[in-house]
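Shared chain: chain A. Partners: chain B in the first complex, chain C in the second.
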Partner chain A sequence: MLDALIQGILLGGYYAILAAGLSLMFGVVRFINLAHGDLAILGAYLVLFAVEVLGLSPWVAVAATLPIMALIGWLLQATWFARTVKGGFLLPLLTTFGLGAVLQNGMFGLFGSDTKSLGNHIGNLSWASWQLPFGISVGQLPVITFVVAVTVLGTLQLVLSFTRLGRAIRATASDPEAAELSGIDARAVHRAAAAIAVALAGLAGAFLAMRALINPYAGPAQLIFAFEAVVIGGIGSLWGTLIGGIVLGVAQSLGATVSAQGFQLAGHLVFLAVLGVRLYLAHSRNLGGWRSLLPALKPGRKPAARLQHATSEGRS
Partner chain B sequence: MTLLSVTNLVAGHGLLTAVREVSFSLDTGEVLGLIGANGAGKTTLFRTLAGVHPAISGTILLDDVEVTDSSAFRRVARGIAMVPEGRRLFAEMSVRENLLVAGENGRRGPWSLDGVLAALPALAPLLNVPAGGLSGGQRQAVAIGRALMSNPKVLLLDEVSLGLSPVAIEGLYEQLEGLKRQADTAMIVVEQDLDRAMGFSDRVLCMLEGRIVLEGDPQALGKQAITDAYFGLAHLEVTHA
Partner chain C sequence: MSTYRTISSRNVTRRQFIKSATAAAGGAAAMLAVPASVRSAFAQGDEVIRVGFVGPRSGPLGVFGEGDAFLVEQFNAHMADGVQVGDKRYGIQLVLADTQSDPVRASQVAKDLINGEAIDLMLASSTPETVNPVADACEAAGVPCLSTTAPWESFYFGRGAKPGEPSPFKWTYHFCFGVGNFATLYADQWSKVETNKTVGVLLPNDADGNAIRGLLLPELEKAGFTIVDPGPYENGTADFSTQINLFRDEGCEIFNTFPFPPDFPVFWRQAAQKGLAQQIKICQLAKAGLFPAELEAMGSLGYGLHAGAYWHKLFPFSSPSTGMSSRVIAEGYEVSVGKQWNQQVGANASLLDAAVAALASSGNPKDKAALAQALSVLKAETAVGLVDFTAGPVPNCATTGVVGVQWVKASEGAWEYDLNIVSNADHPFVPTTADMTAYTLQG
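Moving on to the complex of A and B:
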């Protein structure tokens, strides 16, 4: 049990890196990127390409890929995402859903359908572990991933808190028009946020490829994990993504101790539970709570009238 | 010396034309009072001058440079800053950060954090307080300080006294009077209180249904003429003449 708990916490590091970009895009640009998981897989394939074709060492390849991913994010925001945001709530979802499909099939065309991994390029790191007391073994790669996650989130926190760019990002996230009236180029800030978000997706993809097998269609599953971590930790919250990732990772690890299928199922159940609690609390604040609707379901009352009353209260 | 020149400016919302061929100019250091009833087009005119609302036609010149199609942040860099209606502070950021954001991204000039704190001393003890937790008067002072940090040549103040207590309004205008004496920044002030607008401004413009229907020295025009223009009585007389 303790072993599963530790493995789950460390797995949360990977989810935190993956989810941080998604959270940043939503928090700053107000944009839900359904291609985030596919961009992570694209990052993994770029690292694989740099290692297998160009002959770079895996860590150098990761370092070289991050600026490329950042450039991709910058270009996507400048050319597509910024335009779709003007089209209302649905257009960004449809656009990034389509982008995800294009990325999946593009990677299939370029790299083939075979599963691949960086594991065989990083020596014994993919399976090496440290032995702790009480028979607990801790994988070196998960520890490195977790340390990188904390370092990345800490660096982002410092940038957001103490730099000119960070203040501009926070101001734009708070009120883009007021930010423009303070001299900030909000569109440039959005492009910078997208660049950081896609670079983080690429970094997460590289760590995924080090510890697991990937294929061109692995992105949507990663997107679901990222969403779950973001929702559990709180949308738009930087450190919340780490907490959300840890909760998700621990749930999955504990679920896996019950059965092999329990790995994903436990994560989804925790996500649904947190989502339910969040919705309950949100309704409690806005409509006086779901409990106020319960009497409407009792015999002798008029549910429709009660519901209409509650809805009109919410609008006023 | 003419600092801001607006010629035949037209702006609107969809099919509604809110600003109709408005023309006026503003000299360096001058304070212009913009008055008019709700819906007269004052806020749309302000937002168009600041660059957050597009002009349909007409020209806006700042220091003889056309800025009609410039985005808001470029106009801030050239010297137009607006204190928007509702203050629009960055609620989760501290007062210091709200001020620094404008200082870092605005125009270079004499205003600094120390200068703003000297002009608006009430802000000094609030520097580390989140802007979302301030009172209405404090928020308005931060909004004015934030605009000053961008070193504007033209400061647009939209409904600065809206929602404030009489005591807070008195304190606010004392601070604005201080700014008039300190800086050669020109100001355009939207103010619903006619007496306040007449007392604070060197010149008033009265808007009605998107047009300027009266312009001049407030003391020379007199309150009755301004009130008639405000309610459209003077406009109707002219129209029917």
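Moving on to the complex of A and C:
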């Protein structure tokens, strides 16, 4: 039980990195990127390319890939996403769905359908472990992934809280037009957010490739986990995304101790339960009346730094 | 609100854009169409047998079809004079179609070949997702169909046949290994290394996993193995600590799995993290571990893994239809594709071999009923050995053998891994090439 809990928490670190970009895009740009998983796989392939063809060491390759992924995100937002978001709610879904198909088949064309992994390039790290008391062992790679997740999300949270860019991002998330009136270039902010989001996707892809095998068609399966982590943790909240990832990972590994088939089922059930509660709360708020008092009775449910809280009223 | 430039502001009108886009798309379609139907010297006239060849050549299963272009080239060169049927000579024209790894698409391209290309014989290869929809389309249209590389149980029972009843299929024939082959193979291969005969099995909740659980596990228990089965799991599981802890606590020294291939490295790396891989002496893969690329992705953890193989570079058989020995097929593939040989090249060569043998023995290859009759009693020498439909486990199916193999670190040559043949109980004509060794971490 304790073992399943620890493994689940560590797995949650990966989900959090994967979901953070999706959450940021939705919270700031209000854009649902269905190609997020495929962008993660693209990042993994770029790292693999840097390692196998250019001969860089894996961690250098990851560091070199992130700016490239950020540039891709910036360009996508500047040339594509910003246009589609004007076309209504459906158009971003359709275009990013199409982008996903293009990425999958483009990667198939460039890299073939052979499964690939970064695990064989990082020596023993892909399977080395530390022994803990009570016969529990934790893999070094999952621990590193988790630490990176906490570091990255913490840094981003600091950026959002204390820097000029962070203030601009929060202001834009809250109300883009009012932010523009105050002298913020909302489009530039959106591009910055997209750049961060796609870079995070690439980082997640690199960790996925270290832990597992990837192929050009592996993206959509990852997107599902990212979505679940985002919804569980609360859209637009970075710490919430980390919590969401951990809850998802723990639910999965605890589910697997109940029944081997319970791994994904438990994750999906927790996701559906949280989604149901959120919908119910939103519904009650809209209805007003006595039920609207329910969330207000629990002040702990409204952390101040939450972006989601701000976005829910910001839609013009 | 700010405005963006639209396409028309860049001096490209909508009309021009559509025109150039259509031209580009048309050009691309034409480029794709040319290699799709490879024409031999006998491209015209009644005396040409048209053979449809369906397989996954793009998409996630694309690796299965990577050798097809090479095989077709060799086939066309070797069969340029056609095939002798009775006292008449026919040319053979292969018409290739790509399923894009999609069962729905497989069904569609099969129907297109039947209705649009007027084929006389259909060939299909690689996984039930390809073979079953193609066979169903042929059964419905009354076109003879020969297929391989999917367990025969999933071809036969998976398409609605019932055990003990007469075969419902008139037009479709299949040769491949089945569950029985694994029972014979494993009983022998697992006796090659001293173990406590306790087997941990990891079988997912999918068609293959459930078939193996129902059919193979009882056979293994009869053979004296103790089975530890943590139960079915869903493909795509990212954490296997429960299963690993169970196998470790039960003291399993043999491990056997039929996973969705990308799941295996996740499991095995975690098994190494948690000390299970250090305890396992035989790690027997099926479904995963077919292709060298999968092993290369495992790095040093892959040295010493055990598997089964339905074809090998060192098989003592030749492919009559392409005129190559097994070794020449493997070496030709490596030159042509630039990757290490894999089992599927030989299996696809054997499909072409069996097809030519069926055409030659049909009496009249343009008569579909005669061709189906010829398939039902076909006995053909192929790249994977003798294919004999008269001895099959059920009508419409023939079994071919599987050898036990072990992936080892290559001592020489351009590739990272070598594949040793270590057990031939299920395929006695194939000599073993090395003694089996226990799995040890990092070889």
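Things worth noting here:
Convention: the second predicted complex is superposed on the first by the 283 of 316 C-alpha atoms of A that agree within 3 Å, B and C clash if a C-alpha of one lies under 4 Å from a C-alpha of the other, contacts with A are read in each partner's own complex, and residues count from 1 in each chain.
We take it that a residue touches a chain if its C-beta (ideal position, glycine included) is under 8 Å from a C-beta of that chain, and two chains touch if they have at least 3 such contacts.
Note that the coordinates shown come from a computational prediction; the quantities given were computed from them, not determined experimentally.
Residue contacts after overlaying the shared chain place A:Val152 against neither chain B nor chain C.
Which of chain B and chain C touches more residues of chain A: that partner is C.
Applying the stated contact rule after C-alpha superposition, one finds that A:Asp175 touches chain B and leaves chain C untouched.
Of the two partner chains placed by superposition, only chain B is touched by A:Ile184; chain C is not. Of the two partner chains placed around the shared chain by superposition, chain B is the only one that A:Arg167 touches, whereas chain C remains out of contact.
Residues 177 of chain A contact both chain B in one complex and chain C in the other. Of all residues in chain A, those touching chain C in their complex are 3-4, 7-8, 11, 14, 82-83, 86, 105, 108, 112-117, 119-121, 123-124, 126-129, 137-141, 177, 187, 211-218, 221, 249, 252-253, 256-257, 259-261, 263-265. The part of chain A that touches chain B in the complex is made up of residues 164, 167-168, 170-171, 174-175, 177-186.
Taken in their complex, chain B has these residues touching chain A: 50-52, 71-73, 76-77, 81-82, 84, 88-93, 97, 100-102, 104-107, 146, 150.
The touching residues of chain C, when paired with chain A in their complex, are 1-2, 4, 58-63, 66, 205, 230-234, 236-243, 245, 261-266, 268-270, 272-275, 277, 291, 293-294, 296-301, 339.
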